[in-house]
Each structure stands twice: as structure tokens, then as C-alpha cells.
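What follows is a set of structures for review.
Paired with subunit B in one complex and with subunit C in the other, subunit A is shared by the two complexes that follow.
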Partner chain A sequence: MLGNLNIRVISEYLPDLWEGFLNTLMLSAAGFTGAFIIGIIACGLSIQPVRWLRGVGVAYIDLIRSTPLLAQLYFLYFGLPRLGVLLPEFTIGIIALALNSGAYIAEIIRSGILSIPRGQFEAALSSGFTYVQRMRLIVLPQAIRPTISPLIGQAIVLVKDSSLLSLISVVELTRVGQKIALDRFMPVEGLVATAVGFLVIYYLLKALAASWSHFNRTNSQ
Partner chain B sequence: MIWFQIERLWNYWPVLLKGLGMTVSLSLLSLVAGMIVGLIFALARTSGNRWLSGICGFYIDLFRGTPFLVQVFICFFILPAVGIELSAFSAGVLALSNLSACFIGEIIAAGINAVPRGQNEAAIASGFTHSQKLRLIILPQALQIVRPTLVGQFILLVKDSSVVSAIGIMDLTRSGWMIVQNIPNGLLVFGVVGLGYLIVCYPMIYLSRRMERGTQSPIL
Partner chain C sequence: MIEFQGLNKWFGSALHVLRDIDLHVSKGEVVVVCGPSGSGKSTLIRCVNGLEPFQSGRLVVDGVDLGSKSPPLRKLRMEVGFVFQQFNLYPHKTALENVTLAPIHVRGLPKAEAEARGREILAKVGLADRMQNYPGQLSGGQQQRVAIARSLCMQPRVMLFDEPTSALDPEMINEVLDVMVSLAKEGMTMIVVTHEMGFARKVADRVVFMDRGAIIESGKPENFFKNPQNERTRDFLSKILHH
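Here is the complex of A and B:
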């Protein structure tokens, strides 16, 4: 199957593939930044003491986690114009990615906070720290370390998820691959080039995760 | 206007229900196949044979590192080129089963590695054969450890099944996509579609949370 792969077609489309690759990186970076901010806010809402605010945070997390990204994407794509909000597909894609991953990142941060021993809270409380001080000085510094690996895992998921944006005609790596498939009737070349592009990002992020866990192990002893 | 649209959407309920049925059957078929193949992957990964484990790990990485949409397209567009003609449904089930096998394989392998070493040694010392050891001692404990993670994986499977709508399988997402062409209100149509997924996924999310609660100390 790969023996008669037409390399010339792939090299002909190399500029397009490069543009798609850069767009995938850009979409993912923007989506992850947004998701991180949304995740912190949603996590904060879901663990703070005011009851109805907690309800809002938990409802957001659960709604996102129990519906597929593609349905969320179509919800925004077909739904936002209805509300009079006309945005380019690129922006809608970033919003969908950020809203989707935000819920998962909120859960990651929450479990990081929950992994802190109970005594830390009690000690902070009895030392007379306010809620904000307790969070900023005691809880968050300790909560960040165990979240790094799952966050990189979520970044991997987000990069792969960004391929769904090709379905609302955002030009990224998958879309370019489809273009090769349709222009030249060469689905194998198009899809293999797409897959290789994603695998490069995957292995880079995986190496990052491995070096972090190595660094973490050597520094915590 | 909105009432009119709701009334029209109401007429589509058989389509939506059929789509939900398709989503559930896709997920269930792939779940069963994925569990079986995943278990084989996990045993290969933990067999101690370096070659077997390495090849298996590379295969799993290939599918964990590429978007599921690309995998679906590969099953649907490339397999016919090498002589394997598949209907959209079988291509979808194949892609989904393969993906879940890769993830479940890694999850179960992690569970097997988390079983304390002494259990293994005790089983050998008690004179169990290799298959007895796996079946009676190691696997039951490994599956117990990874239970919450497995439930999480099942939820992901149901949601990933929406991607196969891209090759024309009439699942819940595809039904919504068809309906929104006739009723131009994405908020309403995909709100209902989302509700369908919620009905399937939320009980599982609740279940996995209850399972996890046993292993965590509640703080806040």
C-alpha cells in the first residue's frame, strides 16, 4: 500500500501542507490558551463555597463532558448566526476547542487540588489565612505539580481534536489532506501526509511529557 | 417562530431516535470488540517479550497520535484501495473498535503493572500455571484498579462515535446535521442532539465519579 505512494504529489503540495500544519499549531495553541483560562475559572467556580456559583461551574463541566466536541462545534457553527453573532469559521473553531478542553482542564486542576493533604488546608485555616491567601500561597503552588502531565495529555487530545474543524471548512492539516485527495483522487497520499504531520506533533508533546516526568522524579528526591 | 420550529422538530423525533439507536449500537459493538482486542494488547505489552511489546507499543502510538477523523477516513477511503471493501457502518465500527482497543490496551497494561509484585511471586510459588496466574490473580486485581478509568474510556467512546458521521453514518450527530438543513436553528437542533448524548453519557460520568470517590479524600 505504501510502496506506490506518490511522493511527487506530496512534495507538490508541500507549501499547502506546511500552511495547514502551521494553522493546526496556531488553532491548537490559541485553543489551549483559552481552555486553560476557562479551566481555571470553571475549576474555581466548582470548588468555591457559594452554592449557586458552584452549580454553574459543575453544570458547565458536566454538560461539556457528556456531549461530543463535534455536536458542540455544530451547535456553535449553526447556532451563533441565529443569535446574530457572525464569526469566521476559524474563530468559531477556536472557541469550540477552548470551551471543550476547558471542562477537562477544570477537572485536571480540581484533582490536583484534591490531591493535597487535608492537613495543609487546616494548617492554613488555623494560621488565619483568608480564602484567597489560602488558595494563592498554600494550595495552588502544591496543586500545579501533579497537573503538568495530564495537561500535556490534554494538549495532545486538543491537537487531535482540532482536525474536526476541517468539517466546518477551516483550512488546517486534515483539510489540506482532503484537498489532495479530492484534487488528485489520491486519498492515500493526502491522508498519509496528514497523519505524519499529526504524528510529529504527538511525538514532540510525548517527549515533553517524558522529560517533565524525568525532571519531576529527579527533583522530588 | 420558535414554537413553529419546535413543532417542526417534534416531527423529526423518529429520525433523532434512530440516530440515538445508531450511536448506542456503534458504541456497544466497538466497546465489546475494543475490550477483547485491548486485553490482548495489554497482555502483549506486559508479556516481558521486548519485541512483542515494542511492536504493540508502536502500533498503539500510531493510533493515539493521529486524529480519529483521519483514522475513519483511512478505513473508509484507503482500505478499498487495497481490496478491502467496507460499508460505511463496518468502516465506522472498525475504526472505533481499533481506537478503543488501543486506549483500553494501555489502560489495562497500566493496571497489570500496578498489581503489587508480591502477588505475582506468590502465585508462582503456589504453583499456578502462567494462564491460571493471569486469570485468577493478576487480571481480577488489575481490572479492579482501572475500573474508573475504563468507565471514562467508555464515555470517550460514545462521544468519539460522533466523528463517524463524517463518512455518512446516520448517527445522532449526522441526524442533527440533516435536520439543521431544514430547520435553520442550530441552538435548538444541536441542543436536542446534545441532550441525547447527555442521556447516554451522564449516568456513566456519575458512576465513574462515585467509583473515584472511594479512592480520594474529600477536602473542600
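Here is the complex of A and C:
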């Protein structure tokens, strides 16, 4: 099947593929940045002692984790205009990715915080640190290390999830692949070109994870 | 300095961990608390800096009534140092950073001043050459001395020790006890939960024996060891003193 792959057609679409590749990168980077910020806030809320704040955090996490990304995407795409909010598809896509991954990142960070021994909280408490100081100086710096690998895993998931944005006509890798398939009736060529683009991003992230774990090994006390 | 009056504490509704505790510790006094495991010793001193709430009775520490509606716990904890059995040093900070973190962020001391004080205190506990080491690079005894220095750097008025040598290898116990002895001799107010009866004999003004959440007996070390009044105290002492 791949033996008679029509490389010439793929090469004709290289400019489109490059645009798709860059857009996928941009969507993913913006989506992940947003997700990380949302994740920290949602995690902070979900471990709050104040009940209604905790309720808000937990409700957000549950809502996102219990529904499919596609449904969330359509909800924003069709729902926001009805509220009078008109945004470009690209922006809606980033919001959907950020909101979706944010819930998973909140859980990853929460598990990092829960991995810290109780004694650390007690030591900080008995020294008179405030809640914010305890988090900033003692808990979070220790919680970050065990969360890096799962966070990179979540980034890989987010990159692949961005392919769903083709359904709201955002021009990213998958959308270009579909274009090749429809213009030339060559679905395999389109899919292979798309897959290569995702593979490249995957290996970039994997290299990042490897260099982190190397750093982690050489710098662990 | 520390005044317990009829203090009671339950875990949940069934477990009565502290029963009618009456205990008065004056300024400069060193009180050793001993007793079998599960007798409430740790819970007792954890109440003193508000790590554990209690349900009835009174507890006043350095003028702060811990039974009041919202006691100024942060302010109290600046004045009450706590040393844990498991050290609980911050693993991502060096020895010097461990010691200076609270003075800088809680007391608001300038960094240079905090570091000068930190160096001085670390040198005092015999760790002048270990300031830049992380806790993971230190032995248990060294870690516990850093932990004591961390509390001292806040210049507390009271020091609480929760079995500070129980997690240590035997050869490291003395280096920690020596620091505590010199602290006691300088006049620090201390409550020490420990089974190191040599330490109690040497510096304690009073030894308190607890069993099943109640204070069974208390007295000066010479009387307490020579002439224990209560059967359970005698039983306990015979178990820990004669191997």
C-alpha cells in the first residue's frame, strides 16, 4: 500500500502541509499554555478548604473529564455565537483545547501535591508560614518535579486532540490531509502526510521528556 | 509560659486521646514527657503550637489562649519551635536555606541578616561545614541538628521536641542530645517527648509520665527514677531502663 505512495502529490502540497504543521504547533502551544494556567487555578480551587471555591474547581474538572472533547468543541463553536460572542475558529479551538486539557492538568498537579509527605506541611505550618507561602515556597517547588513527565504526556495527547479542530474548519495538519484526500482522491497520501507531521511533533516532545529525566537524574539530591 | 487546665481531646467520637490534662510549665523549665506508645505524648505537645485542636479544657501558651475562637496561631508559632521525629527538612533547600526560610519570610528579616544568624546557629550545632548541603546529603543526626537550628533561627521562646532521637541510628543520638542539653542549660523553655532517660536525668526539671491519654505521675527526675509512686510508672521504667 505504501509502496506505490504518490510522493509527487504530497510534495505538491508541501506549502499547505507546512502551514498546517505550523498551525498545529501554534494551536498546541497556545492551548497547552492556557491549559497549564487553567490547570493550576483549577487545582488550587479543588484543594481549597473553603467549600464553595472547592465546589467550583471540582465541578469544572468533573464536567470536562466526563464529556468528550468533540462535544465541548461543538458546544463552544455553536454556543458562543448564541451568547453574542463571535470569535475566529482558531481562537475557539485554542479555548476548547485549553479548557479540556486544563482539567487533566489540574488532576496531574493535584497528585503531585498529594505526593508530598504530610510532615512538610506540618513543618511549614509550625514555622508560621501563611497558606500562600507554604504553597509557593515549600509545596509547589517539590510538587513540580514528579509532575513533569505526566505533563509532557498530556501535551502529547493535546497535540493529537488538536486534529479535532479540523471539524470546525481550522486549517491544521489533519485538515490539510483531508484536503489532499478530497482534491486528488488520495486519502492515503493525505493521511500519511498528516501522520508524519504529528510524528515529528511527538518526537520533539519525547526528546524534551528525555532531557528532563536526564536533568532530573543528574540533579536529584 | 504553658498552662494546661483540664484539657480533653478526642479523635473522632470514640478515641479519647487526652484526658483531663493539667500541666504547668514555667519559663526556663525543661519538662520531659515519657510513656508507652499511643499514650498521647506527641498529641500533647502538638496541641501546644496548635497542630492539633482539642475539645474541652484550657490551654494558654505564651499568653495566647488556644481555646479561644480564632487564636493568633501564626504569631504563636513564631515563638514556639517544633522539632519532629522525622526531621521534616525541606528537601529542595540547602541546610542554610532551611534555616533562613522562615526568618526571612515569616519574621521579615533581611536576607543578609538571616544568613548571618543562620550561619552562627548552624555552627553552634556543629554544622559549619554543611551549610550548602541538601538534607539528602546529610546523616540523620546532622539532619536533626539542622532541624533544631531551623527552629532556633526564629529565636523562639519555647521549644517542643517530639521524639527527636527515635528515628536515629544509635551512634547519632548523642550528637543531637548534646545540642539539646546545651540549649536546656542556656535556659530555653522546653517540652521534650523522649525515652532518653539519661537526658531526663541530666537536664530535666520535671519528668511527666503519661499512659492512655492521662498524666499518671510527674516529679523531679531524682524522685521519679528512684521512687516512682505509680505501678504503671514502675512497670514502664523497668521495661526501658533494664535491658
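Operating definition for what follows: the second predicted complex is superposed on the first by the 220 of 221 C-alpha atoms of A that agree within 3 Å, B and C clash if a C-alpha of one lies under 4 Å from a C-alpha of the other, contacts with A are read in each partner's own complex, and residues count from 1 in each chain.
Keep this in mind: a contact is a pair of C-beta atoms (placed from the backbone, for glycine too) under 8 Å apart; a residue touches a chain by one contact, two chains touch by 3 or more.
Predicted model, so just to flag it, every value in this text is computed and none were measured.
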item	value
First (subunit B), second (subunit C), both or neither touched by A:68	first
Partner chain(s) touched by A:114 [first = subunit B, second = subunit C, both, neither]	first
Touching partner for A:123 - first (subunit B), second (subunit C), both, neither	second
Touched partner set for A:7, first subunit B, second subunit C, both or neither	neither
Touched partner set for A:83, first subunit B, second subunit C, both or neither	first
Of subunit B and subunit C, the chain that contacts the larger number of subunit A residues	B
First (subunit B), second (subunit C), both or neither touched by A:133	second
Touched partner set for A:141, first subunit B, second subunit C, both or neither	second
Subunit C contact footprint on subunit A (complex, rising order)	117, 119-120, 122-123, 125-130, 133, 137-138, 141-142, 221
Residues of subunit A touching subunit B in the complex	1, 47, 62-63, 65-72, 74-83, 113-114, 116, 118, 121, 156, 160-164, 166-167, 174, 177-178, 181, 187-188, 191, 194-195, 198-199, 202-203, 206
Parts of subunit B lying in touch with subunit A, wherever the complex brings them together	61-62, 64-70, 73-74, 77-78, 81-82, 155, 158-163, 165-166, 172-173, 176-177, 180, 184-187, 189-191, 193-194, 197-198, 201-202, 205, 216-220
Residues of subunit C that touch subunit A when the two form their complex	49, 51, 74-75, 77-78, 80-82, 84, 86, 88-92, 101-102, 105-106, 134-137, 150-151, 154
